[in-house]
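Below: the structure, in structure tokens.
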């Protein structure tokens, strides 16, 4: 064993190691701090720790580094992806503050944060993996604790049902995923990404089946149609903080990981997986939209909206280019802000009043103008209305897909934006236009929650207009190399 | 800092001002101050433009400024104006100015109303000053979305349905447009060249392959055409206009629908001249149909706003029709028609709003003899009507004649025959205008309650008079404006030959 | 552990029959405790297969973790959640047909893929010693697995925390 | 060795899809879990067999199997925890009862 | 002669002044202001005429035409641009005089006639607007300028007909007038477009200098057997026919009588309705290139003349009678133009005659209308049955009316005789058939005019209505007297010296055979009228009963209005507008809505996918995977 490698490990695996360190610190805080101190500061500490992790590890490295003989890959782009996830997680934690410190949940507060951090760690592994074993461990680390989190609420709501649905679907799809990996192993004899790319015989049925199984495994996390069916039920039943975590962070991580798996492992046969994705994207966007238009429960509604968003995200994968990666990461970043703004508002209102139905939101603007505005901005951004960030991200992701020649696909996606606009406007309509005799009373948002929403709104407003974010990502993507 | 950006900056400041305004008085003060400022700026721009041209500046676009925005895609924030855009800017400024006065007593949520209205105007101004496709498209969509809330919250009738339909159909248009724009972008430079979004550069490169133009031209043309109420994608217009509040109808019919026409030639025709020539016949048929069809439909409507909306379909159809003739005169006519229709339809909607505000009905069967009760409004209505049916001395005539003469200069018999078809609309227009005037204003008072109505207040008068003066000014002295437009069109027309 | 070819075949077929029959029985039997028992047989037979393949370490892990650990967990929870002797219903005929379709289609697709694939002929060689396995699990070179080893520990920790959090009463 | 590799693979396929069948047809969640175990187990066989027959120089497949077993254990732990949680809520572990949220 | 500009500017200024101030001015002040403005205008017009006709002739004996003022208003293309300017040639100067004279008379007359009406100021504003437009029309330097003012007179006519805007009949009439003429104007516009497309010019001078070259060179194209140039000119004539109320576009004119009577005198008798004749005269050299269009004009004119004359014989509303008489007389002018050609002075007689008749007709028809106005003012009715025996009560009106009737009947020495005689001569020389036809119409003219005259002023001896009619005030009688005087002397103006087809002086000499015939016919007709209507009797009723069908048909104007009504209401509205509106709402809009509904419907139908059961989800997941794999295998391998 070569001890000199430890230096490198510290250097290249900084985000992962720092995150684990932060988790351990949280353990100790949870163990030794007084409950009153924790009531006030636990979220703060968690966010702070995560922020520190982000700040320390986001030093942009210049080139691609591999560790463990290719099992772990660290590139500037992967670091950026991890940072994107971190930002999202911080926002989720901010918004979860009010809920997690409520009487019913306070007891399991420590576990909540720890599990969040663990899943984040799993996602890091997925993104940075260069080997299917690591990838699989990452995938499981990122989904099993989430199943626990989904079933977090113990009172008489739908949390347990969601937990079971998530878990069984996750386990089943991971079994299929494993089957796929085993076939790939049978074909190439190695599970290192670069080995597979080098040796796989792509024009065999076995390869295709393996690819389909692997896409299923990851598509489940991304909730692509037809692997999406768990999404709505789980989003609806899970605690709102977890729903938002699932819908942005978990989905984002899966998308990032998907890029690497497809681009690195299956680069010899792009036309095969592009063909599959072509169909999946159309199905995903369309079905997501079709289901979304008839939802009344806002969390369920956002679930379907997030399904169709996943379809848009996949356009960046289809592009199979540096531009596509840039657009995808940017899209997810924007999506995190937009979706979390929506969830922030929903979480606040749900926490205070327990109402999540769209009809309950009628006349919200009269009583809660600021929350309504935030919600509206989120909806507009999700629908891709300028000058909000969603417009830019959508434009760039379409541009990247068109660049690779997918005119028809983009056209279908664009037609779907009309449907999506329809249901996003329904929410806006409920808040601004519909009359209501007893609207939700004026709500005073807590400090953390407010910060969370304000940051999201700021992101929605600024991410598009400030071109530096996209520019930075674009520079990073050039280091990926095709 | 380029002064053109002020067109966008002033409304932003206005929004800030509105946000801190406390009561109705302050809101009005802010709205009036800034819209006047904006009008001043528009006039200043025109003067400065003319001075610059007189000084011999022959650049295609003046006051150009280009700031790199998204470097990876070579997207710029690029602004510049030519004769057409400044005319449109002036139109917008006038209508916003008049619109502020027309919505003097808007309720409820007056602050929000003005905020949204201002956002709408940001989109419009931005669209007209942009010469970068991306920025242009962005402003285009910015202009569309406030419509939803403006109609939904402050509208009347089946406002939810209308607002949704309008928004979705226009977004459908912009979906086509987005694909078109991205497509143009990827063919904007010859093999190996730097791709660009700048309209002027794309035109200069002239690199869009012909077979691609066949796809991209319909996308962009229909995309913008939907906003220009092109048959059969015009159905948002009657419902939308009927449900919208006064100032919104004014701005939407007056300015927003012009975005469609402007976009059609600035993007579709200017950048894809080959396809424009090859495919113009298809759209000529569609627009020719919409000219006559809109007019016929207007003949049997009973709701004032529906009449006007269908009339807009007809008139805006004429705009697109003329654009497709692809010669300088007809296109000049198209721009003048945009200007003229913008002003007079805004006037119409303002008056309808004022009448509706008093009688609480827009059904012409329930009203009558308003001339005796509301002489000022009625006279204005007659003037608007006369402008609409193309009375010489008012703007409509100038525009229509330029279009007809220009279109008839086309060398192709097919185009000339269609011009004659379009000409027929002037008779039908007369029919429905006179029908309304006869039923609404003349005759005996239908509803005795109406006798107690009061005539226009000072702000309403100001709003209407502003527009009438503009309509008459263009109608009486069209020469300079026509020359201004026609000179700027040369560059576009040259590319077509 | 060299076996005679014939003995090897006999053992294989024996194991195969046990696996197939018990698998099917495990998913069709109405008694849940029996199902657990059949599963145990399947798991043990699988371990037998591993032994046949000379992966003795893997076989031991299989027996230790699966048969020893997981199955016990199963039995406990079965006893916790159902009364002894209680039989559980299968779903309706519709679901059974659906399941059958899925299973048969899956088998068809996979076997088509597997049978059409031209498997290379590789000369058999000795398996690595337990020593090598140990090195592989803590090495950082290629085909060495320190990182997964550490990572899976995090996973297990997370799952323990999660499971406890869910399962405890408060 | 006399026994062709494909026999092993077919064996594992049968096991896998027996699991699939069980998962789809059983109401009891523990039964579903048992089915899942079958599926995971089948995959493990695959890895080991491929490794042994095709790529005997390295131990990728076998080691993967070891990890897979560990992960399966973790899955089972969480799953059982959730099942018990459900049992606490509704005194029942029938999957059919979990369809409050749909459409 | 730059001051001619003021002839246009003054009325415009008056219009703006009176229109904007409206009720802020006292009615009296407004009336006087308007009249004063018109007076100045008239003075300027006379000065122009004097200066123009007395200027030296050029070598060919032609009075050189002048363009004292011209500026480019709107440029379309290199060659096509609308100029606004003033073009003075004999006919335009003649028209200036006619218009200003009649307009001034009407202004003065209205001071009395409209006294106390609501909207007096507005009335004067519209009168000024009309005067301005009409003057602008006649001095147009190019065809597009003419079109502009053509539209403006149309609108002023609309506004004035609908002056009593609370009266439903007036509203309907104004609408009808505008739409029918607008329809005709469409032809005019298309004609202009076609003509300008081939000739590349709007300018009258360019068009008329060498029309043959321009038209034959460019009009190789034919359409339905006729050259495109013919079509263009026919369409332009259609515009003229609409304004001049030629059959079958005449239907608006009788209804237009709903307007105030002075307006009828000014617009619908003297000036605007002859714009069509003026248009043809203006483009006469061009029309001469296409003789088939001239034949068309002749035919249309002749048919109209006869038709209107027959209808006029049975109308009972005195203004209607005058309206049909106007139509008939304008048709005379049209026929005269139709039979003329520009080869030499002699064949061009019709042109001169037409203009001459235009001039004289304007005067005596204005007189007739103003007289009728005085009568209506006195008896408060338009119906003949309410009248009779008025000669005692209204002597001035009676005398002036009689003079006018004699003039229109073509009795020497009144002006109508001279001009009508020239027309008949010209027609007779071209074609005997049309000559006899037109002579017959002239006879009818004399008959219906004197029927009118006798019915109003004789018939009964004493008036039986509730109040005694009285003579009109001086403001109304003065114009009557002035116009009567003009009617008496106008025939002796050496008109041919000033206006002729090619500008050279033409000495009018009466063709006595034609003149004698026409006089005899006229006298017979008058006698017949006197026999029937001098004294109250049953003969007219008996005759009407004897020819019931014809009488009713003529009284109902041969059902032309009904046909129009049918076409517009049943066909245009019923079969085009309504179906289109329905189509738009239900098919086009329905399709758009259908997209939404189909989406909603699909959404509702597929909700079963989301069944809520874990196994269902998993099954779909697995089958999806297998399908993907299968399809991909089929496609890729």
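A, B, C, D and E are the chain letters, set down in written order, and residue numbers restart from 1 in every chain.
Note that in this section a contact is a pair of C-beta atoms (placed from the backbone, for glycine too) under 8 Å apart; a residue touches a chain by one contact, two chains touch by 3 or more.
These numbers come from a predicted model, not from an experiment.
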Legend entry - Intersection of the contact lists for chain C and chain E: A, D
Legend entry - Furthest chain, CA centroid comparison against chain A: E
Inset, instruction - Kindly work out which chain lies most centrally, taking the average of its C-alpha atoms as its position. - result: B
Inset, instruction - Would you mind checking which pair of chains has the most C-beta pairs in contact? - result: C-D
Inset, instruction - Could you find the chain whose CA centre sits the greatest distance from that of chain B? - result: C
Inset, instruction - Could you put a whole-Å number on the gap between the CA centroids of chain A and chain B? - result: 42
Legend entry - Mean-CA-position distance for chain C and chain B (Å): 71
Inset, instruction - State, to the nearest whole Å, the distance from the C-alpha centre of chain B to the C-alpha centre of chain D. - result: 65
Inset, instruction - Measure off the straight-line distance from the CA centroid of chain B to the CA centroid of chain E, and report it in whole Å. - result: 37
Inset, instruction - Pull out every residue in chain E that's touching 2 or more other chains. - result: 596, 607, 610, 612, 614-615, 618-619, 622-623, 626, 629, 633
Legend entry - Interface hub residues of chain C, defined as touching at least two other chains: 91, 95, 98-99, 102, 106, 109-110, 112-114, 119, 143, 145, 148, 152, 155, 159, 162-164, 166
Legend entry - Residues of chain A whose C-beta touches two or more other chains: 133, 137, 140, 144-145, 147-148, 151, 154, 163-165, 168, 172, 179, 183, 186, 204-205, 208-209, 232-233, 294, 422
Legend entry - Listing of all chain pairs that touch each other, if any do: A-B, A-C, A-D, A-E, B-E, C-D, C-E, D-E
Inset, instruction - Please give the residue numbers of chain A that touch chain C in the complex, ascending. - result: 1-2, 5, 20, 67-72, 107-108, 111, 114-115, 118-119, 121-122, 125, 131, 133-134, 137-138, 140-141, 144-145, 147-149, 151-152, 154, 163, 179, 183, 186-187, 192, 204-206, 208-209
Legend entry - Interface residues, chain C side, partner chain A - complex: 109-110, 112-114, 116-117, 119, 138-148, 151-152, 154-155, 157-159, 161-166, 170
Inset, instruction - Sort out for me which residues of chain C touch chain E in the complex. - result: 91, 95, 98-99, 101-102, 105-106, 109, 112-113
Legend entry - chain D - residues contacting chain E, complex: 20, 23-25, 32, 95-96, 98-103
Legend entry - For the chain A and chain D complex, residues of the former touching the latter: 132-133, 136-137, 140, 144-145, 147-148, 151, 154, 156, 158, 160-165, 167-168, 171-172, 174-175, 178-179, 181-183, 185-186, 189-191, 232-233, 236-237, 294, 300
